[in-house]
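What follows is a pair of complexes built around chain A, which joins chain B in one and chain C in the other.
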Partner chain A sequence: MRNLGEALERVTRVAGIRGAMLVSESDGLVVAEALAEGLDGAAVAALAASLTLRLRRTATSAGLAVPHVVQLRAERGTVLSVPAGDDLLLVAVAERDANLGLARLELRQAAAQLGS
Partner chain B sequence: MTDPIRELTAQLASDPQSLVFLELGEALRNRGQPAAAYKVARMGVNRYPELAASHDLLARVLADQGDRHAAAEAWRRVLELSPGHIGANKGLAFLAFRAGDPEGALPFLESALGAAPGDEGLAIAVQRVRTALDGAAARAATAAATAIAPLAPSALRGAEGFEPFEDARGVVLLDTQGLRLAGTLDAPDGSDVSDAVAAHLQGVSREASRAARLLDLGAWENVTAESPDGHLLVLPPTQSTVLLLLRDARVPVGRLGLIAEQAARAARRWLERLA
Partner chain C sequence: MRVIEPWVAEPLQSFLDESGARLTLLMTSAGQVIAQDGFTRSVDVMAAAALGAAIVASTDAIADIMTTSAFGVVLHQGPKQSLVLRAFPTPRGRWIGLVVFGSETSVGLVQLFFQELAEGLAKAAPPAPATRAVLAENFEYELNASLRSLFGR
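For the complex of A and B:
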């Protein structure tokens, strides 16, 4: 489980990231989390998994391959989701002004670390 | 939490008389399983032949499958059972436009608008069709058809603000029920995937809105999905429309966001011009 903790920490070190979590994609349940106070892990997991699944279907129905990043941008923040191995998603919640470029990079590298 | 379709299927199996088939059929549509959705819808119609919603579900499935004649028949049955049914009226209007018959679409649009006066897309479509029919000019009629019927991407590219989209792979504008107002999307293999994407897109909009609200992130602005062979971005230009852009994967996602903002503005201008 050391890899798991390191992977989440890698993401949460990015300025403006309020939390990161590993989520089971098929059922939207939390596998591991590192969240700031006030973030409801169960809700983030369920909503991120559900949205990712829908985006995947939309992308595949458009003839595209399975997405490697899904991002929901809202008024006060962003939710990022990347596949992290078999039936797993690495999800991060970012503040509005977070460095999304760095966050995406760290997410993908952490996901690769978990998937290896 | 389990797979919702599995859950709904189990519910239906344990209580075959329940109306859960409506939810199951819609979930199968959204998941892109038209054959399974058709079976569920057909079973629902057989079990509840007097229920408008069961025929409406069947009509949507048939429209997804491109069987316009059967879809129209099913929606007409909905109107017999439930006069003024918004979904059926919009569906029949959509089918009429697809058949190049704006005049035939008008009564359905007017009826739908009467039942849903706040529906911006409907109001625009009705106004445009009336103008076209009053003028009886071929040019106006063509423009009217584009208010709701599928619109070639070139028509959007010609609109002010869409010039940067000359190399776009596709753009599509939908109403909140997942019906196309404008645009066409082609898959990388060249096939038209507009309706299939539209069916899923309606669910994406709902999910995004729900997720942003429940996570206290405010209103959702856009959703992007980046695949190795293409990026797609979904955003709501107005409260009653959803727009999807599909671009080559070589377009950086940051630039895609800028393009999306231009697209949203252009879509709003386009809607206003039709009004």
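For the complex of A and C:
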């Protein structure tokens, strides 16, 4: 559990990150979360897991293999998702002006930390 | 989809479109069927409603023994199909939703859209009609009328 907290904290330390969650990909349920107030973690987890699963199928069907990062950019921010071990995803919600390069780097390193 | 009360149709259709559920049953906490989708035989609907209401009543009793508040959701996760059973308040009393789903969706999505269904039903519910006495001679007629609504025959 300490590992989970450290991994989430590593992501949420990046400026402009509103929250990070470890999500069960097949269930779409939150395993652990560190979210700003007002962010509906259950909804984001369910929809991000569904989206990532479908995008993975799309990428593999197109012969592109498994995506390393899914990045959904919207008007007021970005959702990032990376695989984090067996049936797990690390998901982050970023504000519009967040440092997405650093956020992606920290997400991938935190996911590797969890998967190891 | 078949519904006993027309105002249930729109929120339920949204839930069916979004959730990817295979079977959906809405019932009162007494097991009286309000709406169904995916069932083809009336006997299955009646059995599922009775069993679903009984399971919720059992979990309520367990919660009572444990002196905790009632359990929000009952989840049976299977290798191919799973089942979510959830009681929720409506302006017409406490209802129960029974949803069977497969690997094309997830328990997170089903729960997310079920919450929206519960909120949609609360908004769509018209004022409750005046209660009337249930007479034995009306019971069979009303039961058959409900079955016709649910199965179109």
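Throughout what follows, the second predicted complex is superposed on the first by the 116 of 116 C-alpha atoms of A that agree within 3 Å, B and C clash if a C-alpha of one lies under 4 Å from a C-alpha of the other, contacts with A are read in each partner's own complex, and residues count from 1 in each chain.
As a convention for this text, a residue touches a chain if its C-beta (ideal position, glycine included) is under 8 Å from a C-beta of that chain, and two chains touch if they have at least 3 such contacts.
Nothing here was measured: the structure is a model prediction, and the numbers come from that model.
**Student:** Once the structures are superposed on A, label A:Asn3 by its partner contacts, choosing first (chain B), second (chain C), both or neither.
**Tutor:** In the superposition, A:Asn3 contacts neither chain B nor chain C.
**Student:** Which partner chains sit in contact with A:Asp27 here, chain B, chain C, both or neither? Use first/second/both/neither.
**Tutor:** After superposing on A, A:Asp27 lies in contact with both chain B and chain C.
**Student:** First (chain B), second (chain C), both or neither: which does A:Ser50 touch?
**Tutor:** both
**Student:** In the superposed model, which partner reaches more residues of chain A, chain B or chain C?
**Tutor:** B
**Student:** Does any part of chain A touch chain B in one structure and chain C in the other, and if so which residues?
**Tutor:** After superposing on chain A, chain A residues 26-29, 43, 46-47, 50 contact both chain B and chain C.
**Student:** How about chain A: which of its residues touch chain B in the complex?
**Tutor:** Chain A residues touching chain B: 26-29, 39-40, 43-44, 46-48, 50-51, 54-79, 93, 101.
**Student:** With touch defined as at the start, can you tell me which chain B residues reach chain A in the complex?
**Tutor:** Spelled out, the residues of chain B in touch with chain A are 1-3, 30-32, 185, 187-189, 191, 193, 196-197, 199-201, 203-204, 207-208, 210-212, 214-230, 232, 234, 244, 246, 253-254, 257.
**Student:** Quick check on the complex: what are the chain A residues that touch chain C?
**Tutor:** Counting only chain A, the residues touching chain C are 23-24, 26-29, 42-43, 45-47, 49-50.
**Student:** Show me the residue ranges of chain C that touch chain A in the complex, using the header's touch definition.
**Tutor:** 103, 105-109, 111-112
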